[in-house]
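Structure, as structure tokens:
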Amino acid sequence: MKNVAIFGAGRIGRIHAANLAALSGVRLQFVCDPVAGAAAELAARHGATVATPEAVFDDPTIDAVAIASSTDTHSDLINRAAAAELAARHGATVATPEAVFDDPTIDAVAIASSTDTHSDLINRAAAAGKHIFCEKPVDMSVPRAQASAAAVRAAGVACMIGFQRRFDPTFNEARQRLDRGEIGDPEMLVITSRDPGAPPPEYIKVSGGIFRDMLIHDFDVFRWILCADGDEAEWLSATGSVLTDPAITALGDMDSTAVTIRTHKGRLCQINTSRRAAYGYDQRFEVLGSRGMLQCGNHTPSEVRQWDALGVRGDKPEPFFLQRYQAAYRLEITHFFECLQSGAPFRTSIADGVAAQRLAEAAALSCNTGQPVTL
Amino acid sequence: MKNVAIFGAGRIGRIHAANLAALSGVRLQFVCDPVAGAAAELAARHGATVATPEAVFDDPTIDAVAIASSTDTHSDLINRAAAAELAARHGATVATPEAVFDDPTIDAVAIASSTDTHSDLINRAAAAGKHIFCEKPVDMSVPRAQASAAAVRAAGVACMIGFQRRFDPTFNEARQRLDRGEIGDPEMLVITSRDPGAPPPEYIKVSGGIFRDMLIHDFDVFRWILCADGDEAEWLSATGSVLTDPAITALGDMDSTAVTIRTHKGRLCQINTSRRAAYGYDQRFEVLGSRGMLQCGNHTPSEVRQWDALGVRGDKPEPFFLQRYQAAYRLEITHFFECLQSGAPFRTSIADGVAAQRLAEAAALSCNTGQPVTL
Amino acid sequence: MKNVAIFGAGRIGRIHAANLAALSGVRLQFVCDPVAGAAAELAARHGATVATPEAVFDDPTIDAVAIASSTDTHSDLINRAAAAELAARHGATVATPEAVFDDPTIDAVAIASSTDTHSDLINRAAAAGKHIFCEKPVDMSVPRAQASAAAVRAAGVACMIGFQRRFDPTFNEARQRLDRGEIGDPEMLVITSRDPGAPPPEYIKVSGGIFRDMLIHDFDVFRWILCADGDEAEWLSATGSVLTDPAITALGDMDSTAVTIRTHKGRLCQINTSRRAAYGYDQRFEVLGSRGMLQCGNHTPSEVRQWDALGVRGDKPEPFFLQRYQAAYRLEITHFFECLQSGAPFRTSIADGVAAQRLAEAAALSCNTGQPVTL
Amino acid sequence: MKNVAIFGAGRIGRIHAANLAALSGVRLQFVCDPVAGAAAELAARHGATVATPEAVFDDPTIDAVAIASSTDTHSDLINRAAAAELAARHGATVATPEAVFDDPTIDAVAIASSTDTHSDLINRAAAAGKHIFCEKPVDMSVPRAQASAAAVRAAGVACMIGFQRRFDPTFNEARQRLDRGEIGDPEMLVITSRDPGAPPPEYIKVSGGIFRDMLIHDFDVFRWILCADGDEAEWLSATGSVLTDPAITALGDMDSTAVTIRTHKGRLCQINTSRRAAYGYDQRFEVLGSRGMLQCGNHTPSEVRQWDALGVRGDKPEPFFLQRYQAAYRLEITHFFECLQSGAPFRTSIADGVAAQRLAEAAALSCNTGQPVTL
């Protein structure tokens, strides 16, 4: 039995908590408000407020608005109330980070709190000898991410980064077919990655920019699919625009980007992203190999085709990441504990987290300067 | 909190038990060996045997063989060991039927034991005032099924029959679109229902024949899709053959059938079934309406398309019913408790169970005589 | 160089004439008004009327109305004007049947005139030693069709019946894969055959009923796909309804039918047809074999998929038979001359025409009596 | 009646000649060997050789090799024999360019000869007052192409460039939906353009490089789809590799490229190309708009889906451009004469030809220097 604490009780923290709670051999012991304060007490005092995160998190009708706001934008108060509610839901206890790190019965921590807390919590968990599952990104700053990677190595703990796309049943099936050589050697990769709508300005302001916030996943997919033999990016060119809302320009960000990467072996990758796809969350990639192509499509709620005067139509893709990557979130946390058990390396190490961050950094630089970056 | 007992610890019982255990507001209290005997004691005595059902039920490599064997063909010994194992897995207790029916804290029972035990358990549960979820069919004999329906009515308990296809996300989405009038009035229905392979002779022998065993689901789909406005079958013609294995002829059964039903309103339904589809479990239907068509396709493990010298290919359908109807099994048991809570009628009543059984009976008769049956 | 005369200048005659004219090695010499009279002279006299068939045949905006009316319903006057116009278009001459049959330079005739003229023209062409391409059906009466088949045999001329579906690129690809054994032995066939809309009452009145008019093609597909090894229908059951327009009942016909056929070898075929599919002309079949399934889909005008708030939608099927079977019409007439050249047997003989007619007859009988027919 | 001469009797010339010959209102009068010499006489003298181009052009079994070799690599002798054969096939006469340009009855010329002859023939045709249909590209040199455009303008003749993709039924349907505003304003374009295999070294040597030879079409598609409102490319970045055959490196070319274009309005286009797709000729694009996406797929020989132990598979795309763009070639030449008749502007003007050539030039420069190009 592995005892676990989770940091963060926002949208993604709740997903992980539920998946943890359903794992056999795992006990979710603590839910932790990483910022500070007596969450339980506060929650008790602000009973009325406990309803708020519930309303926000569970009400399907407000998904489109709420989804993009993320944990970063919640007030402390809501965070704490959420932690109390989440702990109660899974029979866990609310605790402070100190209590978690000091508790010798805790084997592992899952970090799902806001991005700015990740590297510090990794460092402290490593120092306390806890194994670590951490949501992407490691840190917005590459040096700080590298420092956390060093801390992990020094402490000899295991650390997995939550690039959940590597656990998506469709994407992972493609990876397995590449491993079996079904399309020969991979040569080109085209990634299409589009959100259903732009997040609110407050989110964009603290997001680190579209390359660090949104494309970080795509950079990891690039490395996972094209660089499995040790190849890496050699040359990267990025550009972008604001096409959906001029307010994004004022925030210094973009909503539409086009990135090209060439590897040392000459493999080519193109990534196209947009903050707005009127038809839902669009997550696809195609990899061309010497003997064929693998094309990974979206998932849909049903397999109904409606034939009528308008044509023959199937469902839109799943609306957003919580639906599309529902299985992936479950499979990644299972993988985390399986690897802890067996000693096998994680599919997504902290080194992968740092590498993706470096590509995001390079893309932001290339886009700003209008010049390619050699890595 | 609803307290529940489950009867049957075979393949389908285990599915229901796991889904029950994951429901909030529901407690799985007893696992019950419906036949008799001290399951726990036996299980303890035959510790080595407890591994056997595990091996049979959980080993994915022997699915093709094991899947079709069903609870009916297990020896008592294995049944009992299975009950003990299942109870242990979910923190429930093994009990006798008597204990279950006598326990006033038990609100509802889930009957997933062998078909020949269904009507008796329904009758006893009704007499004991327990609400009932029962796997299809109610009974192989229409009169006995009708008697159970009467017992349920007399006792005033709620009874839902597990026609899980009505809870399949794809099939149910079609039903909802019909309700919204998206294709106008339904006129024709074509059901394709094919198993990946024929079951073993021992199973076929006790199965009641392909119409009662396999098409019972299709008859229910026919009523659900074409008869929502109170229409019913008026004329039915069935024929069939043995095309996959001559041994099936010797058992008095068939492996391939073609059924046509005309309703009082003149709607037409055609059902084609086979015990063998080399490409997996094929579960589709198409309903033509006055303003369009709804086509329900299979579900697949992934959305990968492989383009190579052979063409462009997607996955085979999910291999068999446990995978295809995984979500449906979860959703139907959720529905059962939601209806108990709200008092709403079940989507699949015991009357639906009797009506499907009558169509199965008529089809068997038509096929044997070579003449249509007027209902 | 083969010299050819065509009978009939209606919609289908014009298709064949254009395809004939484009064939190298073939010269379309005569267009023939099969009824009688001096077509050219009439056409000259009624110059204003010549515009009428043009307007009817070439104006794409009136397709929906005109399509279903067929040659049978044209007045003589229009027929004759049409013949003159068609002859002029392809540099051919208008001639009487007598002139055609008496001309020793004519090698072959293509019969595309109204159904009631087919058998007589076949008989006369055979007597004159001309090879014959004749549109389906041979004749509404099975005995008359058999008599024409006998006349053809006696004369030793070649006679091909225009079951154009056997030349459809999709359907024929399926046939070729069956020949190569790609799905093993064929066992079950499901044919979906739906028109975009019901024809006008005047057409229905003379059509011979839906089984002879519409399903004749499906009966031929059944024999082509399931009976290639000499198997034949043994048992047939048909039923039907009027679901689209009560006026059809008054005409003694139906608009929706469901037919089941069992062969001597136990193979099963189900055919579902409707006179109305709101989404266009629906022409599909699926054949299940011992090692897989072949599924033949509709053809579409383009390969555009539109992703928007409604879902992901492709084109409707081609609107009607002239579009769907455009390639098939071209390929069948090419086949006719290739076989004349090489001496190879036609893919669709007059015996096939008679056999399909017999099945149509049986289906009409079964539907009327409510009893299956043993063949 | 328009009288026409065609220059070039290679593969593409033969396509155009056949399409011209089938047009009503058009007479193909001359087939012209653009190089020089008495083609007819030569053809007569070298009768045995006439078989050679036939064998090359019509034998489907040697397509893969022959297709890529193009007219540029034929010896004069074969060219001349081909001209004679082509003229004979369509009842035209072999003529010298001088004879064509001097003949006052010739209204228009179709230039399908080798690329190096295009600009000179355009100039001479313009001077002679003939309307011009010319295969892409106008010329490998942008200045020479611009000079030809000026000559056309000065002469007041009409000149259409054969970017046949704009006439592809699928691609053009997308363009029409954009015009109708079905997906709002276009924002991003992803073009996938892959050949089935690399051409022979001799071809690559004279091809002008992959950007001018292969991507010229994609650059035109970019302008057609994203720049319909007068927008144009502002920034272009290109890179590439040799992944299929090291011999291509020695020839100074590449076989895999990735191009990104940003327009003045901030629209983004990514083009990925490869000389080798193991699954056939892959020609697709996707355009994202503010209200949806249009996805243009490949065309396939049939609509058969085979379901078997390997999965569910459809046809590979059409093998190469002659098959994929068969309808497009027919429709573009029809469009040419319709515009001549009506005076409407061509869908693809010589200005479009020059603009695409400029983008090809910029891409080659960007790829060589590793730096983006501002246009």
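So that you can tell them apart, the chains are marked A, B, C and D in the order they are listed, and the count of residues begins at 1 in each.
Simple rule for what comes next: contacts are C-beta pairs under 8 Å (C-beta built on N, C-alpha and C of every residue); 3 or more make two chains touch, one makes a residue touch a chain.
This is a predicted model, so every value here is computed, not measured.
Note on connectivity: the fewest steps through touching chains from chain A to chain C is 1. Looking across B-C, B-D or C-D, the interface that copies A-C in more than half of its residue contact pairs is found at B-D. For the interfaces A-D and A-B, the C-beta contact count is higher for A-D. Each chain gets one centre point, the mean of its Cα atoms, and the points for chain B and chain D are 59 Å apart. Centres computed as Cα averages put chain A at a distance of 39 Å from chain B.
Distance between chain centres (mean CA atoms), chain A to chain D: 45 Å. Looking at chain C, one finds that residues 183, 277-279, 282, 291-293, 306-309 touch two or more other chains. Residues of chain B that touch chain A in their complex: 22, 169-170, 173-174, 177, 182-183, 291-299, 301-309. Across the complex, chain C is touched by residues 183-184, 187-188, 190, 192, 194, 235, 237, 239-244, 256-258, 260, 262, 266-270, 272, 274, 276-279, 282, 286, 288-293, 370-372 of chain B.
Chain contact summary for the complex, chain B toward chain D: residues 277-279, 282, 306-316.
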